[in-house]
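Encoded as structure tokens, the structure appears first; notes follow it.
Order as written gives the chain letters A, B and C; numbering starts at 1 within each chain.
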Amino acid sequence: MRALAFKARVLFATRFAEMAEYRAEVVIWMLSGTLSLVMMLVWMAQAAAAPGGQIRGYSAPEFATYFLSTWLVSQLLVVWVSHELDFQIRQGTLSPQLLRPVDPMWLHVASHVAERLVRIVPLLVMVGLFTWLSGASFTREWWAYPAALGLAALGFSVRFLYEYAIGLLAFWTESSASFQEVVWLVYAALGGMFAPLAFYPEWVQRVAVWTPFPYMLGLPAQLLAGKATLAQAGRGALVLLVWLAVFWVVRLIVWRVGLRKYGAVGA
Amino acid sequence: MTGDRGGAGDAAVRVRDLRKGYVVHEKEPGFLGSLRSFVSRKSRVVEAVRGVSFDLAPGEVVGFLGPNGAGKTTTLKMLSGLLHPSGGEVRVAGFEPGRRENAFLRQITLVMGQKQQLIWDLPALDSFLVNQAIYEIPDAQFRATMAEFTEVLGLEGILKKQVRKLSLGERMKCELAAALLHRPKVLFLDEPTIGLDVNMQESVRAFVQDYNVRHNATVMLTSHYMADVTALARRILVIDRGEVVFDGDLARLAEQGGGGKTVRLQLRRPATPEELGRFGSEVRVDGLSAELTVPRALVSERAAALLAELDVADLTVEDPSIESVMASLFGARAGQAGQPERTPEPA
Amino acid sequence: MRRYLRLVRIFVGATLSAQLEYRANFLGAVLASLGEVGVALLGISILFGQPGVTQVGGWSFREALLVTGFFMLTEGVISVFIQPNMSKIAEAVRTGNMDFTLLKPIDAQFNVSTRNLNVLRFPDLLIGLGLIGYAASGLEVTPGGALAAAVLYGSAVVIVYCIYLGLSTTAFWFVKTQNVTELFSGVFGAARFPVAAFPVPVRFVLTFVLPVAFITTVPAQALTGALGGGLALASPLIAAALFLGTRWFWRYAVASYTSASS
């Protein structure tokens, strides 16, 4: 147990050092995820131009709050592990990692968590700046914050696992990057990056509730915007837990089968 | 675009007081170190090359030796125009490399044993065709060169395989061919045989030699395999910590380095190191065979004495291997006086 | 000039044959293209699908669709022609393979900009053109408008290329700059809507600070005949200025690469 804690600490510290080296890139990654910000601006302009200054009960500042919240949450959900796996499997650099007595997944977990720490300060600065510029106002209910954070953590875990499984597809196909892209599009669309889910066509909403995406992105954002209840948060957490279990198993199976393939033919 | 050729004389390569300093950032290891360098980066200048001067005549082959980090690669990169010197003067084939004129680039090549230019997913032949276009090689010349290289390097059968499916050695052969396709007059070879087996090293060497003779090309070669250097180069340049510490032929390097010759004995009766110590230094005894170093001037005298006083089955006198010469050169410089390394790691 | 055309032909041949090695990728790429257009359409239909909304920033649905078409087309141009080359710059600097490029007796900028093509994303181009065609079929388009749109889109492509090259060139100084180009894709995301859909200050920024308006909005306006002379003139001028600027920047970067790094 002590040994494990020590391992984890060293692992984490080196990853943090690595990420600190990439601090400029971290800020760039943050700024490159602009879809929510673009949508925010468009909807704000729409609301301002609409009669009554509202669309479906959202005024311009409320749009600002919602989209800034999705932006913030999406920043916490960033996962790049599938790119890394795709690269490692194709270049054969996965092999040395397989020689180590630890599942390489934990290395990736450590980098992602470490990166989140590097990200947090500039992230808060930027949210503050955008809030000030756009006139957004977040909820005053204190419980919404831990609830949103918890959902984001669960959402991150879910996303990490399915992205990991997608990355492992590189064992079989060269196009895991394309699949990743498609899944990202679905995540962004159903997560509510284009608009609050209620704005979507009926049939899209009906499909969306069966996926994890609205609960990992839209729901925590609504919590921060003060438009969701604690009960909804609880239900969302349950759904995410189920998905977490599902993807945990999926990832494990893909990993085992993939390794057998890798062992048999190389990559 | 002929470049100004004035003042270069007829040396193929002319280097005067060449210098290069790298600015490097430093970071302490670990978490605190990252945090600190997060806030402020410390930097300092590494003097990789510190006042190197030499001339190479057209057609000359020179071995460029030195321990790791001596500045060999840095020098070669400056000679090929990839790095701008921080001081001094360079002329290669009459050009100033730093200006990277096309006419200059057509005259030279740089082979880096650790890097590759071939297109990974395609057969090497495709990369050759790309290079043909880039260097504007006429078809006839291209075919002739390919024929020549195919014969000398034994490329038969590997040109149409995807590069990623070639073995390291095969790939290196193709790399060499790609790098020399435009028939450069000046070749800079940076560890061209790294990681290759003895046979493959042999064929790379043979190829370079053949090319040198056929096209009267100037070759500057670095390698940590001494056999490369002894097989190809008569002249040796030794560089250490950015300075030339030796420039001359192989034989003279042996003299300068060891100052003595190695005497090898096969004995019929075992002898103790103390007994042998009277005849020379650095005595090594292993059962019935023994080895000792004898000052150059005293070789015949000591050999006669050995034959007279011991029961010797066989006696040979050799120049010390270049490995041990290098080891003693750098061993001495490193300040461990009179303690040459036992196993002569190639410096 | 002839020589450079010949080189382009050879480069294209080489990169095409390299990609035909991986035929199976095609399916994944088509899937991604379809996903991309699907989501783009979803985005704009949500926007127009709200009760009482018939136009966004003065643009009807058809006209906005035209912008979406130019957006998809540009995404295609980026992923087929620009990105595959630009991402290799950072990689080449990191692995030291830039050395080989600099040792070649041809213009290095030309070399790094034309070596690669990603044919897999070719469907993006077709989808973009298809969308433009479909949207334009319901609008009144004059031949003069079409010609102007084509010319202006040409300068839009130059602008995009220059921005990418400028950003990728920073790779000579920083580690892992593949991501800098991401920065532009982020900003470029704003081009999926006409600039008029944004609040006024943002519109200003997207036109005069970041030339996003010139990439999709301006060609679309030219096509519908709604473009003023000022913007029509500005686009080629900006393209030319950017081209000269990035060319200078590239040369400066190469010069300092050869004086500093390995």
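The rule is simple: contacts are C-beta pairs under 8 Å (C-beta built on N, C-alpha and C of every residue); 3 or more make two chains touch, one makes a residue touch a chain.
Note that the coordinates shown come from a computational prediction; the quantities given were computed from them, not determined experimentally.
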| task | Averaging the CA atoms per chain, pick out the one whose centre lands closest to the mean of every protein CA shown. | result | C
| request: State the pair of chains with the top count of C-beta pairs in contact. | output: A-C
| remark: For the pair subunit A and subunit C, the C-alpha centroid-to-centroid distance in angstrom is 27
| query | If you average the Cα atoms of subunit A and of subunit B to get two centres, how far apart are those centres in Å? | reply | 52
| field | Distance between the centres, which are taken as Cα means, of subunit C and subunit B, whole angstrom | value | 47
| request: Could you tell me which residues belong to subunit A and also touch two or more other chains? | output: 21
| Which subunit C residues sit where two or more other chains touch them? | 22
| field | For subunit B, residues contacting two or more additional chains | value | none
| message | Which residues of subunit A touch subunit C once you look at their complex with the stated criterion? | response | 21-22, 24-25, 28-29, 31-35, 38-39, 41-42, 44-46, 48-51, 55-56, 173-179, 181-182, 185-186, 188-189, 194-195, 199-201, 204
| note | subunit C residues touching subunit B in their complex are 3, 6-7, 10-11, 14, 17-18, 21-22, 95-97, 99-100, 102-106, 111, 255, 258-260, 262
| note | Per the touch rule, the subunit B residues reaching subunit C in their complex are 22-23, 73, 77, 80-84, 86, 98, 100, 102-103, 105-106, 108-110, 112, 115-117, 119-122, 126-127, 129-130, 133-136, 162
| task | Using the touch definition up top, name the residues of subunit C that touch subunit A in the complex. | result | 22, 24-25, 27-29, 31-32, 35-36, 38-39, 42-43, 45-47, 49-53, 56-57, 174-177, 179-180, 182-183, 185-187, 189-190, 192-193, 197-199, 202
